[in-house]
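In what comes next, chain A is part of two complexes: it sits with chain B in the first one and with chain C in the second one.
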Partner chain A sequence: MTCDAPAAEPTVWRSYGTRRRSTRAVRVRVCAALVAVTVLAVLLVPPLAQLDQQAVDLAAKLRPPSWAHPFGTDDLGRDLLLRCVYGLRVSLLVGLVAALVAAVVGTAVGAAAGALGGWADRAVMRVVDTLSSVPHLLLGIFVVALFRPGVVPVAVSVASTHWLSTARIVRAEVLSLRSRPYIDAAVSGGASRRRVAVRHLLPAVAPQAAIAATLMVPHAMWHESALSFLGLGLPAHMASLGNLVQGARGSLLAGHWWPTLFPGLFIIVPTLAVAGLAGAWRERLNPRRRSELML
Partner chain B sequence: MLELRSVTAGYARKAPVVHGVSLAVAPGEAVGLLGPSGCGKSTLARVAALLHRPDAGTLVLDGEPVRRWRHRAPRAQRTAVGVVFQQPRLSADPRLRLADLIAEPLRATGRREEAPRRVPELAAAVGLTRDLLGRRPHEVSDGQLQRACLARALVLRPRWLICDEMTAMLDASTTAALVAAVEDYRAATGAGLLAVGHDHTLLHRWCDRTVHWDDLSDAVAGEEGLVTPSPVTDGS
Partner chain C sequence: MARLAGRRLLFAVPVLLVVTFGVFAIAAASPFDPVKAYAGTAALAADQETLDRLRDNLGADEPFTARWWEWLASASTGDLGRSAVMRQPVAQVIGERVVWSTLLCAVALVAAVVLGTVLGVLAARRPGSPLDRTVTSLSYTLEAAPAFWLGLLAVWLFALQLGVLPAGGLTDTASEQVTAGQVARHLVLPAGVLAVSQLPWFVLYVRQGVGDALAEDPVRGARARGLSERTVLLGHALRSGLLPVLTLIGSRVPELITGALLVETVFSWPGVAAATVEAATAVDFPLLAALTVLATAAVLAGNLLADLLYGLFDPRVKFRDM
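Coming up: the complex of A and B.
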């Protein structure tokens, strides 16, 4: 045997591991940057620009993208970039409110069902199963149809159809926690049902519920766009991403691609970015479960 | 007296783990319950601590039969029995600092103001230093965590103490320290003890009398006249 063998190559698993970690880090950074840009645009552009997104200029209708109108103009000569930012603002608002309401309702219902157990649990979960068996969009359309068009009914419709998955996740978590000895210890220490829920169960399910809520934001935005696209969501004059795509449908056949493309990108990119961030967060908390985009 | 009368209990109605078992602990007495792994000792301990509703049989606590279990049991009855479980990791809420862990029963029963006085006192009694009280369960060892769990069981001054394999996972010195802490508490308050375990030597030295699981079922203990099988009554 000779001692002058070449130095050991770096092990394969190590280089593989670092590469995987770096792609994930890049993904998270890209998503974070996109979310930051979106939020900044939505918060800063309307007050800074001082421009009227409703300003009609029929002389400049359906102009392709140019320096004056980076995203072009729509069939009434309105600036599409401005319309898209305002639309994203509305969609993001609906998405956030709906996701928050859905998460709170879902957590409350899931925790109550899991903590009470027995008949209450079975009854509540059967209701959840029944509601889940109806397609969300159909149920959402039904709820929207009950009210005058506006932001609130759309948020209510999206929230009322989306608390179900959170309720399921939270209930499963509570059920697994309920039989832990530390809950027994709390009961033996004189804790009431409410005390056990507030002090021991809810803090333990809070991370799961927060992830579910974050993953729901993009889903809620898509839902809002779908409702608006169907003409059931927000009133037609209001710039929402769904309304913009809906309004541009006609001009697509005439070869005007920009009024559809840009609002479409505005729906896809921020929602994917939020979903990517939430997925990375979940992967970090619970590495066993591979992240899938919950869209 | 803490009396278990022909208790049948388990997790599936058709296959009870504990079958017609009777056992009594007198005030101030220390009873060691020996038995092989998986025989149902822990289930019996859970029944005695009002944490598990038996399918049949009665638990009589200080002359009063227990009719409701877990949350439904009157708070005074529940807190009259302190429990220390086998696995400290699982029996401590991972989010609470040790000081909060020990004070939790006081807070849950509306005696929050006693906590600043009782917690250091108990920490000293079970041998926890001040710096450990600020740590969370994952930052301390099993033995240290079990000391905190014992302190939590003692904080409401229970008249009965149930130690379910309290020292099964611990080294000899921690075992000795925990047993000493339990004995100090019993000497001061006259509390009764039911120590469940499989370590003959330890339980023989620790307890006034030890009973073996196999001698507890009614078929064997019938001559003691404790056998009056009665269906359990529960308000629910």
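Coming up: the complex of A and C.
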């Protein structure tokens, strides 16, 4: 999943250039297919498949992966594939909501700071700096510990720690746009501050903000899983991927690896697929910044 | 340099003040009740008068700003309150545990830097080669993998299947004393998992830095002078390529703390990060507040370290300009 490529290669090296170009297209397609499969599975499996993820079958507990149960069964005999899909559904929902809130807040704050400038900008950026000196997961743990239990505290805590990076990106973008001639032209043409912001600045920063928001979804999912794993996330009946890993600890210590392995893979694969797509998108927007890290 | 350090420390004071204030403000806005937390299950049996007296003693009815100020005043004398879940003063909990967390993080960080540099240089030598592709894809996969999941799989493989390493704790359950040999054996898995979870960032950055440096003029000049590939790679490309990585080590403290929170919990490592999770689970506010502030202080110290290292390693940077 190499989403970056060195900018310029010295000629003394063996060149693998043509081969890499062909695999990039393949990679983007694979990533797109994986994202599509994930979204379809999450949307379609619950209404279409008349299967109960909570169906307990004690006679078939802790069966290793087989044709009947591709991912095996957990300690209550529940089918792990089905539980992973439902878990992904919960995790993805929390991730989407948190990322959306964070992206909107981050874009608004960053754009306001960049557009207003002066002391407002300095004050906002000081707040952002201060908030980012607290490790994200720790702030999340703190908020959830005091407000739990429930979905809302988890989503809020994840969102409240993730808007900082978006705010930084959008502010930097707005600052670089402010000195462009077309903004000067709009201002000297008599456009109001509001019009400049809405018609000229926001559309220009939208792609960057959208990429940041897209990349935030897997990150928010990761955070939700970590909180749930620590027992501070979603209530146990809302089986998210983190809850599944947490619930499988007993089985793991008894030597059964599959209830732990598969929920983790359900976090990794969508993360890589989304990161691959966002990386390709960013390359198209700005080919010179190809070599940046995408995760 | 001393001036820069001094200025950064001066900046750290207001940040820490704001963070402590925020901690108390969040607690005041939450449904958390200090009286119930203090009394625990005894609150169910106690009559209203006792609870009111307790509420009065704890100052729970005062505005949170007053409680914040009191906390600051007693914290400045070294009294951070008492932890209900650990049944110890908070300062003592931190004092006993911070050593183990520091040990874990330091070993993991050193392992990640060394291994990351080696893998990054190997990958940067021939971009696009099978080795580069393997290392890079593995890095992205590990970056996406949650640390707690890696830890659990490591327990399964090394402690349960192979039986070569202990699954958790600081010492064997039977032993009374903490010996260096036992700690070292118990340290391997948690430090290894923490290192692996930090590794991708170092690998990708070293690969990027060395790869870029290899395309620059000094390297071309060195090759033109007929220097050996080894000298070019290690003496020229690595030296300039490693610079951004070394200077950014300090800014990895937040990720290290995040990793430690998960890894210490998985391996029952008796550090401050595991204590944070326990404090959060039991809603032990004094301990949680102190540990949040401690982590913030660690992050600020890391940022200072990054600035200082940058000036030390890169003679072009003048501290006066920073």
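In the analysis below, the second predicted complex is superposed on the first by the 271 of 295 C-alpha atoms of A that agree within 3 Å, B and C clash if a C-alpha of one lies under 4 Å from a C-alpha of the other, contacts with A are read in each partner's own complex, and residues count from 1 in each chain.
The working rule: contacts are C-beta pairs under 8 Å (C-beta built on N, C-alpha and C of every residue); 3 or more make two chains touch, one makes a residue touch a chain.
Since the model is a prediction, treat every value here as computed from it, not as a measurement.
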{"item": "Touching partner for A:192 - first (chain B), second (chain C), both, neither", "value": "first"}
{"item": "Partner chain in contact with A:47 - chain B first, chain C second, else both or neither", "value": "neither"}
{"item": "Chain B versus chain C as contact partner of A:203, first or second or both or neither", "value": "first"}
{"item": "Chain A residues touched - chain C or chain B, whichever exceeds", "value": "C"}
{"item": "Which of chain B and chain C A:260 touches, first, second, both or neither", "value": "second"}
{"item": "Which superposed partner A:230 touches (first chain B, second chain C, both, neither)", "value": "second"}
{"item": "Intersection of chain A interface sets (partners chain B, chain C)", "value": "none"}
{"item": "Chain B - residues contacting chain A, complex", "value": "46, 49-51, 70-71, 75, 78-79, 81-83, 85, 87, 90-93, 95, 104-105, 108-109, 149, 152-153, 155-156"}
{"item": "Chain A - residues contacting chain C, complex", "value": "1-10, 12-14, 16-17, 19-20, 129-130, 132-139, 141-147, 218, 222, 225-226, 229-232, 245, 248-249, 252-253, 255, 257, 260-261, 263-264, 267-268, 271-272, 275, 291, 293-295"}
{"item": "Touching residues on chain C, where the partner in the complex is chain A", "value": "15, 18-19, 23, 26-27, 30-32, 126-129, 133, 136-137, 140-141, 143-146, 148-149, 152-153, 155-156, 160-161, 167, 200-201, 204-205, 208, 211-212, 214-215, 219-220, 223, 253-255, 257-258, 261-262, 265, 276-277, 279-281, 283, 285, 288, 291-292, 295-296, 299-300, 303"}
{"item": "Chain B-facing residues of chain A, complex", "value": "180-182, 184-193, 195-196, 199-200, 203-204"}
